[in-house]
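I'd like to ask some things about the structure below.
Per-chain residue numbering starts at 1, and chain names A, B, C and D are given in the order in which the chains are listed.
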Amino acid sequence: MLAVERLSRHFGGLRALEDVSLAVRDGEILGLIGPNGAGKTTLFNVVTGFLRPTAGRVRFRGEEITGWPAERVTARGIARTFQNIRLFREMPAVENVVVGEHVRTRATLLDALAHTRTHRAEESAGRERARALLALVGLAGRETTPAGALAYGDQRRLEIARALATRPALLLLDEPAAGMNAAETEALMALIRRLRDSLGLTVLLIEHDMRLVMGVCDRVAVLNFGRKIAEGSREEVRRDPAVIDAYLGRRAERRAPAAQGAGDVVLAVEDLRAGYGRGDVLHGVSLEVRAGQIATLIGANGAGKSTLLRTISGLLRPRTGQIRLGQVAIGGAAPDRIVGLGVAHVPEGRQILARLTVEENLRAGAYARRDRNIEHDLAALGERFPVLRERRAQPAGTLSGGEQQMLAIARGLMARPRLLMLDEPSLGLAPQFVDRVFEVVLGVQAGGVPVLLVEQNAQRALETAHWGYVLESGRIATQGAAMRLLGDAAVQRAYLG
Amino acid sequence: MTVFLQQLVNGISLGSVYALFAVGFTLVFGVLEIVNLAHPAVLAVGALVAYTLLSTLGVGLPLAIAGTLLATGLLGLALDAAAFRPLRARRAGPLASLITSIGAALILVSAAQRVWGTEPLGYPPGIVPLRFFSAGGVTISLLQIVILGTVMVLVVALRLLMTRTRVGIAIRAVAENPETASLLGVPFNRVVAFTLFLTSALGGVAGLLVGMLFQGSVSPFMGDTYGLKGLAAIILGGMGDITGAMLGGLAIGVGEVMIVQYLSSSYRDAVAFGLLFLVLVIRPTGLLGQQRSREA
Amino acid sequence: MAKRLLIPMLLIALVAPAAWGAAGATVTVGLAVGMTGDIAVYGTPIRNGMELAFKRINDKGSVHINPILEDTGGGRDGAINVFQKFIERDRVAAILGPVLSSQAFASDPLAVKAGVPVVGVSNTASGIPQIGPTVFRVSAPEAVQIPKSVAVAKKVLHLTRVVVMYDNADDFTISGYKTFVDELKKNEVQIADTITFARGDSDFSAQLTRAKAANPQAIVVSALAREGTLLLIQGRNLGITVPFVGGNGFNDTNIIKRAGAAAEGLIVGTAWVPSVPSAANLAFYDAYRQAYKQEPNQFAAQAYTGAQVVAEAIRRAGLTGTEPIQVQREKIVAALYTIKNFETPLGRIGITRDRDVDQQRTYVAMVRNGRFVELEAP
Amino acid sequence: MSALAALYAGYSSLILLAGVAALLALSVYVTLMAGQLSLGNAALAAIGGYTAAILTRDHHVPLWPAVLAAAAVATAAAVAIGIPALRLRGIYLALATLAFGEVVRAAALNLKITGGALGLINIPPLAGFWQVYGALAGAALFFYRLERSRVGRAFAAIREDEAAARAMGIKVTHYKVLAFAIAGGLAGVAGALAAHFAYVITPAQASFTEAVNILTFAVVGGTSTFVGPMAGGVLLTVLPEALRGLREERLLLDGAILMAVTIYCPNGISDPRLWRWRRARR
């Protein structure tokens, strides 16, 4: 059905895809997994014509479609959904689906104006089909709701219905279960099976929720750092050590000296609810970080880890619940105030200011401060991160991924925070940099600043931290001493299902 | 040859006036990614305030400049509070703020009409340093030099402000990524307000200078023609780029006078904007600009 | 929410005319003048001139006229709206205005259709009275004035070679330019170069440099007051020493006020100078300065004249305001034709058979020590 | 009836202007439908106006053929500026179209055939209530159908998310140009009709101010359905007349209303929620 041959895609220095070959067989459900930044979505984008490959070819039903524009690929029979839902938010649900029928309909502007039979026929038939598809994905009764107003899970399903409307032979699903609760995921699995069995579709899906992957996929392919590291049946893949490493992270060479952090509470979160649009992402989360402690928050993608951090740092307003820094209630305060009070948030994907120089990034980090010691701290960080000192005059955008992560952390420290929150610091980094990142984290804690660490590399995170929280679809599933959690099966489950 | 040189001088001096406008546009666009069409009006108000200070109250030039800076600066704050901040709160698109800035411009101009009337005004002769230097038939006035100098100093000063100072870095942080900036403790609204204070204050003084350069041209509408050319300049120079704005302004100024001299005075604007259109089509982000991160 | 405040206003606008319409036994005259936007530079003196005239006339008491003032703005749409309002809702007997010729071409046809007399006081483009049988004007097209100024200037300055500059964004200055060219040709003065600029410009150094490069004996300019002032100043600054010969737009004492020394030696042809030797002018001049604390200019004088002419027509038609409106309108039209050799600030004028002004005497003035003084050919 | 007739007699030109304003607003709206912001529509209208005026005045062509010709010419011009639109986004596109407008204005100012600054005068008065509102009704029907058609949905999809639209197989470039073409046609018709009840057309028709006015009609009216731009056009044309009482403050009020509407009713005055809210308060 689909054959990807020695595909590479580079962004500047970053090799998002490197020499990947993959075959999707007729009528199968193939799972594509791998840690964030492994290149899964890039592969989708190349196949569907949103990106041109740097090298390699894509064939669909024997026909070479390499470098075709997206609309042409769709017309030929490949449909996709997006990782970050891209619905037409203002339109009613049913309209979204009808738009999907665009390539399968012919009515021109003139038809519409003259209100010809073609037009009327297509319109009525189109709506019928759209309703049917909505019913199929379980959205019957929601036809007239604006897409943007639907709950998160419903939006994911609507995107599938919209993709189906293009009458594809091959369906590409990008993290269809992200943000869904267990029940919804079950339903989704059933749906995917039905698509294959009754509609005869071939499905290629990216997913982090292993219950789903292991539940529906005939075969699984694994990407890591842009390369395919495994392909085969669920069982083969599950047992493959390379895969387990990629997910849970390799054991560290040397165990980190974890000073017991049992000081008084620095950050306390109580029964926090928050989310975007209609639905909540966090359903009453409580956790705390103590002085001298590294607390880590782990869990599958879409579990709500980043949302939690964003709520703490004020980017997102809590709906209910308490957030206290020391004795001060900071829930719902403006981000810049919260930073001023001493919470530094190093966001996912680093978010360094590419057009500013390294030094300017650091100075920006010190914005909330008024004291005289900024220069001193700059020098100190220069000692700690020699790379940054060397590169201080060049635009931060020119740094490598690892260096950028260092900069992001250093920038956070420039605020002299009482608490440092790190979101996926090792994301997409080469192994040697991953080690470096965790060293730095330990260094920070040693320097007396408690850390709240969100990590996908659970193994390393738990090895480094004193206390761990496992977040599962917006709720704390388990918590405990990091050491204990390391052995816990719940953790395995959360990641590999 | 003399003619060419004289025209070059004319072009540069005209260009530096455009540049004065353009810098204001480009600063606001750089931070908010909106085109502030009220800027020309602010500039006119500046010139008129200066007129009142110089003619009616008869204060000296330095005091007048200070007064204008303050007055238009505050106007800038008001502008932000009334026209832009409510939209930011709602995360409205650039189109909305374009419209509100037009509304603000209407209000400012008509208010100015009520206060200062519509008759073009001129600063009292004594104020303006009327000195001329001639060399080989080429005449240049002290004022032209002053204005060109001002523009250059302004650009250097702004670049320093943007790279060396706490607030400057904050402004650029906001310009590149408001969310990250706020995570670093940068108060978005305050930074934006400061930017508008700054640009409007500068705009006011620009108005004063233009009013001195073109004696008897001070009126609520004086900004109109230069507004469009200022926009042209920042497109040419790449939106948001300060140096680009200056170069763009100079380029357009020189271009225009050369068209007048060697092509046809009637088609000056046609040619100028025609070229502009082409530039945009060939190089969508201007001659000097590079694709902006948040755009598209 | 905006809507809630609009609807009442709309209602007011719809109802109000009825109230205005009932203005007792006086003849209603509409004054269509642009007073908002940059057009106000001309609109203000014109309004002043008209209102002053009617005030004095009503005081005299031989006729009773109720002038209604409406703002047309600077565009044609505004003019159209005002004319329609005058004709259909206020049911005026006659209209004075509008300010710009381009507006007149848009609005006057409405009046023609309704048989309402229109008297233009500032429309100088050719073809205005030809719009229709009820369109008159008292503003002498520059065609009447420029020949004289060119002839005189030629004699005084011994002109053989000039540069012509004009504002090609304004019909008033363009018609002036055309006449200049014709007359210069007639007088065998060579035109070394023709350079344009646009209404609203502030920087003329490029054009002036080019003009200077053609080294003429004089620079003939057709421009409006604002641009004229800037031209004079910048010309002198660029070291241009030859005299400027200006069109009608230069005929404005404000130019002298603002251009100061740079205005010295400027020669303008004009329908009016402060020194017009007529009782009417003296009266007007003093009354205006008294009423508005400033020098009148040509626009004010012509507006005053226009008002005077309309009032005179009403008097000759013997209207009281009680007659049916159509009758009033017809009689005024008829009476306007009868105006001949009539004493005004512009001197003695009359209305020709094709409804244009017949101004016996136009003037050539030169700026000497800060005043317009009449210039006589040697 | 006679009352109506009298009302029309007293306001016909205003009513006609309102109709044209609505047409122009629609011409901006159609590009906005496809997520394209154009400031060139005034120029397009001017092009249409000049074309039609020349035909009817100098070559005695009847109104409708002339209007069609005007639409055709304006459409051609619109496509010419629509092509670059494929490379430009948001504010850049707006500025490019603005530049186009200035070129047209400057050209009209200097060309013989357009009559220079005075423009074309003595244009035969061929457009009245039925012509203008006939055209407007036609346009309304056009949009009513368009918005409920495959093409209209394609526009909306592009406006909301270009990438997703492409993923649905929509030929984005094709539809963007189409939107510009329709805009050109409408503007052309509007300009042509305006010229035939204003008796004159001047370069000012292509000015930046005009362009901004037209955009304002659409935005103040609201751009969620075609009703908004029409309402906006009518309202903002009648407004100055309604505010005539407060002569000097007119511009000031215009400005204030622009700001108020943009800030307080983001979806324009045609936003149904606004009206529900009002009834609720009664």
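Here, contacts are C-beta pairs under 8 Å (C-beta built on N, C-alpha and C of every residue); 3 or more make two chains touch, one makes a residue touch a chain.
Worth saying up front: this structure is predicted, and the values here are computed from it rather than measured.
Touching chain A and chain B at once are the following chains: D.
Both chain A and chain C are touched by B, D. With centres defined by CA atoms alone, the chain at the far end from chain B is A.
Chain centres here are Cα averages; for chain B and chain D they lie 30 Å apart. Centre-to-centre separation between chain B and chain C, using Cα means, comes to 36 Å. In terms of their C-alpha centroids, the spacing between chain A and chain D amounts to 44 Å. Residue numbers of chain D whose C-beta contacts span two or more other chains: 109-110, 220, 248, 250-251, 257. The residues of chain C that reach two or more other chains are 36-37, 168, 198, listed in rising order.
Within chain B, residues 110, 113, 266, 268-269 each touch two or more of the remaining chains.
Of all possible chain pairings, those that touch are A-B, A-D, B-C, B-D, C-D. The touching residues of chain B, when paired with chain A in their complex, are 163, 166, 169-170, 172-173, 176-177, 179-188, 293. By the touch rule above, chain C contacts chain D in their complex via residues 1-4, 6, 9-10, 12-14, 16-17, 35-37, 70-71, 75-78, 80-81, 83-85, 88-89, 101-102, 105-106, 109-110, 125, 127, 131, 168-171, 174, 198.
Interface residues of chain A, counted against chain B in their complex, comprise 313-315, 334-336, 339-340, 345, 347, 351, 353-356, 360, 363-365, 367-368, 411, 415.
Across the complex, chain D meets chain B through its residues 37, 84, 87-92, 94-96, 98-100, 102-103, 105-107, 109-110, 208, 212, 215-216, 219-220, 248-252, 254-259, 262-263, 266.
Contacts from chain B toward chain C in the complex involve residues 3, 6-7, 10-11, 13-14, 17, 110, 113, 117-120, 122, 125, 130, 132, 134, 139, 141, 210, 213-217, 219, 221-222, 224-226, 256-257, 260-261, 265-266, 268-269.
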